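We just call them A, B, C and D in the order they show up, numbering each chain from 1.
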Amino acid sequence: SSGSGDTGAAGDDGSYTIGVANFTLGGPYFSGMDKAIAAEAKKKGKIEIISTDANGDAAKLASNVEDLLSKNVDAVIISGGPLESAPAALNAINSAGKPVVLVDRKFQTGEYTSWIGPDNEAIGRQNGEFLAQKLPDGGKVAIIKGGPADNSIGLARTNGVKSVLQGKTGITLVEAPDFGNWGSDGGLTVMESLLATNADLKAVFCENDAMCLGAQRAIADAGKADQVIIAGVDGQAEALKAILDGTNYLVTGLNDADVIGAMGLDRAVEILSGATVEKDTVVPSPMITKENAAQYQNPDGSF
Amino acid sequence: MTGQLTEPALTPTEPRRLPRLVLAGRDITVATAFVALIALLVVVAALTAETFLTPTNLTNLLKQMVTTGLLSFGMLVVILTGGIDLSVGSIVAFSGILTAGLVSGLPIPVAMAVGVVSGIGFGLINGALIARFELAPFVVTLAALTTIRGLAFVYSEVPIAPEDPGFFTLGSATLGPVPVSTLVMLAVFAVGGVFLTRTPPGRSIVAIGGNAETVRLAGINVRRHVVLAYTISGACAGLAGVVLASRVGIAQPSVGVAFELDAIAACVIGGASLAGGRGSVRATFGGVLVLVLINNLLNLYGVQSFWQQVLKGLIIIAVILVQRTNRVRS
Amino acid sequence: MTGQLTEPALTPTEPRRLPRLVLAGRDITVATAFVALIALLVVVAALTAETFLTPTNLTNLLKQMVTTGLLSFGMLVVILTGGIDLSVGSIVAFSGILTAGLVSGLPIPVAMAVGVVSGIGFGLINGALIARFELAPFVVTLAALTTIRGLAFVYSEVPIAPEDPGFFTLGSATLGPVPVSTLVMLAVFAVGGVFLTRTPPGRSIVAIGGNAETVRLAGINVRRHVVLAYTISGACAGLAGVVLASRVGIAQPSVGVAFELDAIAACVIGGASLAGGRGSVRATFGGVLVLVLINNLLNLYGVQSFWQQVLKGLIIIAVILVQRTNRVRS
Amino acid sequence: MTLELRGVRKDYGGVEVLHGVDLVGHPGEVLAVVGANGAGKSTLIKILSGAQPMSAGEMLMDGATVDLRSPHDAHARGIRTVYQELSIVPGLSVTENLLMGNFPRRRGLIDWAAAHARAQELLDGIGFGAIDPRTLAGRLSVARQQMVEIAKALVAEPRVLVLDEPSAVLAGSDLEALFALVRRLRERGVLVVYVSHRLAEVMELATSIVVMKDGRVIERTEPARTSETELIGLMAGRRLEQVYPERRARPGDVRLSVHGLSRRGEFEDVSFELRAGEIVGLFGLVGSGRSELARCVFGAEPATSGRVQVSGGEVRFRAPSDAIAAGLALVTEDRKRTGLVGGMSVLDNIGLTTMYGMRRGPLIDAARRRERVGEMIDRLSIQPEGCASMRVANLSGGNQQKAVLAKWLLAEPRVLILDEPTRGVDMSTRIAIYRMIDDLARGGLAVLLVSSDLTEVLGATDRILVMNQGRVTGELRSDRTTEDEILAHAIGRAA
C-alpha cells in the first residue's frame, strides 16, 4: 500500500485508489468494462477509481499510466483493448512497485501481477462445435474477423472455430478478405460481399457480436434469414435478444465485460490486501443459446 | 503613343491554346477519359470476376456507394468554396445514434428528420465559425470532428438498436432491384447538380472558391454562402448517418471514423481542386464509383485485407495519374 | 487592396488591418499574444491542478510532446510549400515495426537508422509523385496513408517486441529530468528553424508556397525542393516511429492512426496557412505545446474521456479564435 | 453626381500615406489622377471605392456626407471601380463574371441562354463585342480580361466610374474602344476618375488633371493649361532632363542567337541575334506572341523546334535555371503572378535568384545579401524608406515592378530580357530605368526590350524587331524608322 501521496490514501482500513488505464473506450465492450470496474468499486466502498483513456494511442497509454503513478495510485488495472503489449507501461508500474491487473487482454510480453480474461480459443472451439452440430450435412461457413491483422484475440477465436470445423467433411470455410473492424457497420458490408461471392452460405461466425448483428441485417436484406445461421462472441445485449427471439442468430460465447471488469477490480483489491492470488484467471465462457439466453440478460449491465 | 493609333489594328483571334475538343466550354477529352476509365474498370471486373455481374453484387455496389456518395456531394460543395469538412464522419455517428435514440419516443420519420437536422446544426456552426471569424476550415472542422465524436459517445456510449422494424425501411427497402437508399443518394446528386449549375447560390459558391474577394465586390454575401456550403455538407452527413443506422439496424457512436477521407478522395479523383472553384458533380459521382469499384473488386478477388490497402492506395494513384496525363496531353 | 484582391478572403491572412508593431517582417503582437496564451494555460494549470508542477508530470509532458512535435515540424515544411502530408501516421507504424523487426539481426542504431531511412524513402516517393506529375498532395498522401499502412501489416501482421533492453533507451532514457527523446525533438526544431529561415533550400521552400511560378522563373528547381519537403516530413515521421516504438517497447503495425491530424492542427494553431508560404517553426512548437497541455490538463482534472474529446475540440476553436481576434485587432 | 473628398488621411499600421487629400469631381468630368509611384493614387481609389476605410477626413456625395463601409456600399451608391490588378474569376465564363449576382432566371433557375445573350449585348454595347461571353475568363489574354473587368463595372450604369491604370495592358483597337467608352460615359454625365502613367492619353482624355505627390494633391489643372513635360516635372518635384539617353551603340560579339525557333500555336520560325552592348526592342500588338517568345528563349517553356545559341555555343535550356546559368535574365510582364512572392519580404524577393550563390557554408550570407540588396534598393530608389523588411505586396505597384528588376540586376546577367518593364512605372523612375539599361549595355550587356509602348521602343533601343501573329515581320533601325512604319509591320501591312 502507498505512502504519503495526495490522492492515494491507502491503509489498513481497506481504502485504496486504483487507476484504470484504458487503451480505448471507443467500443461498447471496453466502456462497459470500465463502468463495471467503477460499479464494483462503488459496491465495495472506500475505493476511489481514476480512469483514463488513451484513445487508441499506445504512447498515450504509457503516459496515462505514468500520470496515474504520479498521482500515487495503489494499483493499476489495464484494459489493453486491441493492444498486444505495453512493455513501457508495465515497466513503469513495476519499477514503482505497484501491482498491475490486466483485464480481457493478456499482454504477450512484460511482467504483470495478474490477468483476468476469457479463453478465446475455447470460445472459438465451442462455436465451432455448435456449428458442426447444426450443419450435419456440411456446407459453407463464413468467418468475419475484426482486425487488424495483429489482433491476437480475434485470431484465437478464429483459430478455435477453424480447429474444429476444418476436419469436418462437407464443411468449407470462407474467410472474408477484409475486416469488419469489430463494429456492426463493418459486419454488414463484409457480409454483403460474402453473400455476393458465396450465395450458398450456411453459416457465419464473427469474432464478436457487434459484427454479427450487422451481418444479420445483411442476411435479412438478402432474404437469406432462413438459410444462414449466425454465431458470435461476447453476449452483447442486442445479440442476446436476437438469440432469445428465435432469429437465425443462434449462439454466442459469453465474454462478459461486466463480469471481467468486476473480477478485475476484486483481484486488485485482493492483491492490495495482501492475499496470494492466482496469476492467470480464465473466466468461463458458457455457450449461450435460445435455451439459456434469458438468464444472461442483465438490464442493469452496461454491455 | 499607341493611343494615337488611327487605323484599327487587327485583333488576333483568341483564345489561342484550347484543348482540341470543346463542348459547351468544357474540354470533353478529360471527361471522356474519365468515363472511359470507369467503363474499363467495369469491363475488367466483369471479365475477371465471375460474381461481379450477379444481381446481388450489383445491388451491393449500389448500397455501398450510398454513404460515400452522400458525404462526397456535401464535401464537393465545401471544397468548391475552397474549404474542407473533416467533421462529416463524426456527424454520421451523431445523427445516427441520435435518431436511433429518439425512435423509441418519436415517430420514425420525425426521429430521422431530427437526425438530419442535427447534421444541419453542426454544419451551421462549422460554417459560422469559418465564415464569421475567418478561421481555417481545416482546423475548425478538425476540432468539430473531435467534439462531435465526443458528443456522440456522451449521448450514448453503447450502440442503440431500435426494435421497430420501420426503422430499417430506409436502409433496406428496394424499388425493384434498386435500394431506396441509393435512390435517395442519386436524388441528392441530381438536385445538387441543378443547384450548383443553375441557381444563384450554387453559382456563388463556385465563384467564391475561384475568387472570394471578387464575389464580395459583386455585392454577394460571401459569408452567408460559405455558411450555406457547410450546412449542406452537414445535412448530407446527417442524412448519411440516418441512412447508415437504418441500414445497419444498429447505431453506434463509433462509426464513421475516417469517412471524410474517402469523400475527399472521391471529389479529387473527380478532378475537384482543393483550392476551390473547380469541381463537378458528375465527376465526383464518378469518383465515388471508382472508390466503390476498387473496394468491391479487391473483395471479389479475395485479396487479403492488408494487400487490399496496399493496392487501394496504388490504384488511386494510378487513377489520378491517368486523369492527369490525359489532361496535360489534351 | 491591390495585393490581396485574388487571395480568398476566407483564409485568415493579415488582410486589411495590419498590426501596429512589425519587427523584421513579423507582427510581433500576434506572436506575443500566442506566448501569453501558452503562459496563461500553464499558469492556470499550475494553480488549478495540484499535480501539474510535479516532476513526474512535467517529465510526462516532455515525453508526450515528442511524437506530435516531430511530426509537426515535418508537416510544417510540407505545409509551407502549400502541400499536406497525410501519410505520416502510417509511416510511424511502418518505420517502427521495421526497426523492431531488424533489431534481432542488426545493431540497434543501424536498425533505427534503417527505420528513419524507410520514412525518407516514403517521403521521396510522395514528393516525386506530387512534384513530377503535379498530383494533388492531399490525394497522393492519402493513398500513401493506405498503402503504407498495408505495407506495415505485410511486413509483420503481429506486433514485434524486441528483447534487447537497449532498444528502449532512446524512448526512456533521461538526461537529468529531460527525456532524451524530447531532446531529439528539440534538436529537430532548432536545426529546422535555422534551415527554414537561413538556408537557400529553406527559403526556397517558403517561397514556393507563396508563388511557385516566380520561384521557378528565378532559376530554382521547384520540383526538387518540393521533393525535399516531403522527404523531410517522411524523415521526421520515420524518426517519430522509431522513437515511439522504443518508448512503448513494442512496435505494432496498427499504431499512428490519425496522428497527421494533430500535426496539422499544431501547425495551424501556430498560424501556418494551409495555402502555403506562411508559417513559423517557433509558433508551430507553440501549437504542439497547446495540444499537449490541453490533453494533460484534461487528464489531470480527471475529465471523463468522452467529455475530454468534446472539450478538446472546443478549446482548439477557442485558441484559434483568440489568435485570430488578436490578429485582427492589433 | 458631385463627389468630394475633404482632408482624407490614411495610415497603414501607423505609417501615414495620405496626408489630407481634398478632391472634387463633377458629373460629366474625366478627372485624371497622376503621380509618381507610391504617391498614393491606388490608396485614394481604394478609399473612394469603399475597399479601405479612411483614417480621417470625410467624403461627400452631392453635398451629403457618406460613410463607405464596404465596396458593396460604394456599389449601392453608384460608384464602380476597376482596380489596378485583375480580379476576375478565371474558372468562370465571361458571362458569369459579368452578371455575377444578377442572373436572368426562369422558374427560379438561371436561364443561361438569356444570360449569354445579355452578356453579349452588354459587350457589344461598350465596344468589346469581340469577346465571346461563353469562354472561360481565365482563357482570355490579359488585355481581354481587363476589358471584361471594365465591362463588369458597367453592368448597371455607374454614376462614378473609377479606373486604376486601365490602359496598362491594352493596346491598339482595344485601347481605342476604351477611350471611346470613356468619352461616351462622360457625355452621359458619369464622373470618370482615371489613373494612368501614360500622360499622352491623360492629355487626350481628361477634362481635369490632379497631380499627387507624396500623399498630397499638389496641383489641379487642365490639359489645355499644361503639358506632359510640366506634369512630369510636378510629379517628380524637379525638372527632368531628357527621357531617353543618347544611344550610340557599338555592338560587340553575338551574345544570343535564335534560329528558327517555334512553339506550336504561339510563334513560328523566329530568328534574331542580340549582341553585347545592344538594346533591341521587340514590338508587337498584344497577343502577337512576344511574351511567349521571351519565356521560351528563357527556358520557361519548351520550344517545338529551332535552336538557341549563347555566345556562339549551342544551348538547350530545359528550365530557367539553365538559362540563368548561361547568363540570361527575364523580367516577366506579370509581376504579381510570375515576378514576386507577395507574402515574403522585399529582401527575400530581391535576393531570390542569387541566394544559392551567396552562401557561407550551408547558410545564406545574410550580411552580404542585405548589403547587395540594399545597394539595389538605393540604385532603383525603391520606396518607401527602409522597405527591405516589408512584405513586397505592400509596396505600390511601380515599386513592386522595381523590385522585380532589382532581383534580376543582382544576378548580373549577360543577356537581359525585359518584358514590359516599365508597365505602371512613373516617368522619373522610367528615366532611371532607361539610364540604367543604357549604362549596363555600355558595359557590354545585351538587352531585349519587349514593349507595347511605341515611344519607348523607339526611344530606348538601337534596333527593333516587330512581331505579328507569332512571326517576326520586320527588323528596323530605331534611328531610321517611324512609329507608322513600326505599326505597319505590327499589323502585317508593311509594304
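Quick notes on this structure:
Rule of thumb we're sticking to: a residue touches a chain if its C-beta (ideal position, glycine included) is under 8 Å from a C-beta of that chain, and two chains touch if they have at least 3 such contacts.
Just so it is clear, the structure is predicted and the values come from calculations on it, not from any experiment.
When the interfaces A-B and B-D are ranked by how many C-beta pairs touch across them, B-D comes first. Subunit A and subunit B have Cα centroids separated by 36 Å.
Subunit A and subunit D have centres, each the mean of its CA atoms, that are 71 Å apart.
The geometric centre of subunit C is 42 Å away from that of subunit D, both derived from CA atoms. Counting partner chains per residue, subunit A has residues 25, 148-149 touching two or more of them. Looking at subunit C, residues 1, 4-6, 153, 157, 305-306, 308-309 sit in touch with two or more other chains.
Those residues of subunit D in touch with two or more other chains are numbered 51, 87. Every pair of chains meeting the touch criterion is listed here: A-B, A-C, B-C, B-D, C-D.
Of all residues in subunit D, only 51, 70-72, 75-76, 87-93, 96-97, 100-101, 103, 105, 108-110, 112, 130, 134-136, 139-141, 144, 152, 167, 171-176, 179, 198, 200-201, 204, 265-266, 285, 287-288, 452-455, 469, 487, 490-492 touch subunit B in the complex they form. Residues 12-14, 42, 46, 51-52, 83-87, 298, 300, 319-321, 323-325, 330, 332, 336-345, 348, 352-353, 355-356, 359, 362-364, 366, 389-391, 393-394, 397, 407 of subunit D touch subunit C in their complex. Here subunit A touches subunit B in the complex through residues 25-28, 31-32, 147-149, 177-179, 183-185, 188-189, 192-193, 195-197, 199, 210, 213-214, 216-217, 220-222, 237-238, 302-303, going by the rule given at the top. On the side of subunit B, the complex with subunit C involves touching residues 81-83, 86, 129-131, 133-140, 142-151, 153-154, 157, 208-209, 211-214, 216, 222, 226, 258, 261, 264-265, 268-269, 273-276, 305-314, 316-317, 320-321, 324-325. Across the complex, subunit B meets subunit D through its residues 1-5, 7-12, 14-18, 24-25, 194, 197-200, 203-204, 206-207, 210-211, 213-220, 277-278.
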